[in-house]
Amino acid sequence: MIVGEQKPLAEIKEIVGPYRKLLILGCGTCVKTCFAGGEDEVATLASALRLIFKKEGQNIKIEEFTIERQCENEFIQEASEAIGRNDSVLSLACGAGVQAIARRFAKIPVLPGVNTTFIGVLESQGVFTEECSGCGNCELAIFGGVCPITRCSKKLLNGPCGGSRHGICEVSPDTECAWQLIIERLEALGQVHNLRCYISPKDWSSSNSGGPRRLVREDHII
Amino acid sequence: MNKPFKPKITLFHCINSFNESASLSLNGANNVEIKTVRLPCSSMVKDVFLLRSFESGADGVLVLVCPEDQCRYVEGSIRAKKRVGWVQNVLDEIGLDGRRLSIRNTSSGNGATTDKILQETVAVLTDLGPNPAA
Amino acid sequence: MKMEHMSKLEQILSRGEFAVTTECGPPRGADSEVVIKKGETLRGYVDAVNVTDNQTAIVRMSSISACTHLLNIGLEPVMQMVTRDRNRIALQSDILGAYSLGIRNILCLSGDHQIFGSQPDALNVFDIDSMNLIRTVKTMRDEGKDMSGFDLKEPPKMYIGAAANPFADPFEYRVIRLAKKIDAGTDFIQTQCVYNMERFTEWMRLAREEGLTEKVQILAGVTPLKSVGMARYMSKKVAGIDIPEAITKRMGEVPKEKAIDEGIKICLETIAQLRDIKGVSGVHIMAIEWEEKVGEIVESAGLLPRPL
């Protein structure tokens, strides 16, 4: 899923400052799961902002609304009335959601309330880890299911650097060395020979180095 | 002459941690105004309920929970503590001061302790003054 | 058929003579005199001088230009090149440029992560890794082609080096990685500084067992310790450095004013032991911001005069 984190309150306050009628729009999919932009977070943020504005004597009306997914028109439609009633939207979706809303409503500023951080998994309750960079050309098969492009701090494709110690990456004590994981996994799978393969320079043209990407499924276009 | 400040406190409590009828002196106290919210377990205090109490005019919010090892739902008190910590930070960010919100462990029927906690809370709030966002 | 020598370093190593290299860190400024002064203190003591490429991710004078300053005073540089800051287009372009300036040795590295440097907010590149860089230089040199397969008019004939760290984890994999670097095209290896002789000896034994020492020249790294504090700091804070407790203890047991001498003594003992290990072709002395000590170490180690 897409993992995101709500922006600091001070920054949000700054962003919404110029507006008088604000819709805080939540998204019920990825950002809900990571406690950044679901219904509960919309309610909490709305309450916090109301307290701030009340304290400062500002009169800003805040409306709350959450849709299932901000990245699909079908759901965006449900928010159109609420959006029309306000002079600004603070979207708590990922960056894709913010843009999808902005694209639909040309005259209303759509502001980001969440920092989209990565594609990851829920490792344990409250802990999310980055696992995929969306490079467009998955090579997990040779790496035993551990992605060095995402999980090695130097994107090394041909084995660990000199900074791997006791399975930990030199960059942070909280980061496991991806190559240690790859080696252990390949050992468990009886595929250590993969470690001896020379991995050629990656073709990044399928990643966002090749510009914004587009996926077309002809069979779904009517 | 200004009237002396009489703090308004919203009290969230777990029905297992605190028995209102057993703590009569609570309502007898004349230097505080209390609204109580009963919860089946203290872990049900969501962030937004705590914030909305301040929106509704509370000067302080007190959460009374069972001792951590006595929660009937195992980790309810721990969850409540974490949430309160989070909302205390939010209150600091808002500029309301996180000390307006506190969480204390009590066990049912211990009226004397509860009174003491309440008076301590009143003392903190007297110090902080009225809720500036009320 | 043996091609003509690419560099003096290659020539010395191919003759089977014990080589001595060292390191010169370019300044955090644009003054060429700093490089020239460091170079002068090394003249006659070493066969080649590594010039670091923004080491520890701190902005310094570029490796290419500092190498050129050394060339101008008659020293042979080894240009270090990291893949952290440049994509493949810039790397290849700089290899061509470096060769055109007379640089004949290259050490291919991935580079310290920028988080350790003065600008942790920088974007890192890592378009290719050090293994890919080795292969790239090799292909440019031997096949005269760049990475796109384009025929280069004047291919850069560079002597290719790489780094190896026998002390990093996982140990079992370290020799496999060495083998991969050799397959990719490495001619010589410079290792992380050796303090843990036991582990280094074991790594060398595994390398010999795989026949790797027949295929590559290994220069073992040494760094003289200045104090017990330095030993503790490096051991704890610098990833990939392994200083056994016995060495730290030795540094701590001498009076403070004698610590430098003890550090040099340990360094000389290490060099003597390294010379006895089969497959070790030279030493790489990394005296960090202490270039003036290199001459003394080389002399005391009995490695003078250097071959011409």
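For this structure, a couple of remarks:
Read from first to last, the chains carry the letters A, B and C; within each, the first residue is number 1.
Going forward, a contact is a pair of C-beta atoms (placed from the backbone, for glycine too) under 8 Å apart; a residue touches a chain by one contact, two chains touch by 3 or more.
Source: prediction; values computed, not measured.
Viewed as a contact network, the protein chains form an open path, each link joining two chains that touch. With every chain reduced to the mean of its CA atoms, the largest distance from subunit B is reached by C.
Between subunit B and subunit C the centroid-to-centroid distance comes to 64 Å (mean Cα coordinates, whole Å). We define each chain's centre as the mean of its Cα atoms; on that basis subunit A and subunit C are separated by 40 Å.
Per-chain CA centroids place subunit A at a distance of 36 Å from subunit B. The part of subunit A that touches subunit B in the complex is made up of residues 8-10, 40, 43-44, 47-48, 50-52, 54-55.
Across the complex, subunit A is touched by residues 84, 88, 110-111, 113, 115-116, 124, 126-132, 135-136, 147, 163, 165, 167-170, 173, 176-177, 179-180, 183-184, 192, 239-240 of subunit C. Taken in their complex, subunit A has these residues touching subunit C: 153-167, 170-172, 177, 179-180, 183, 195-196, 198-202, 204.
Subunit B makes touch with subunit A in their complex at residues 46-48, 51-52, 54-55, 90, 93-96, 132-134.
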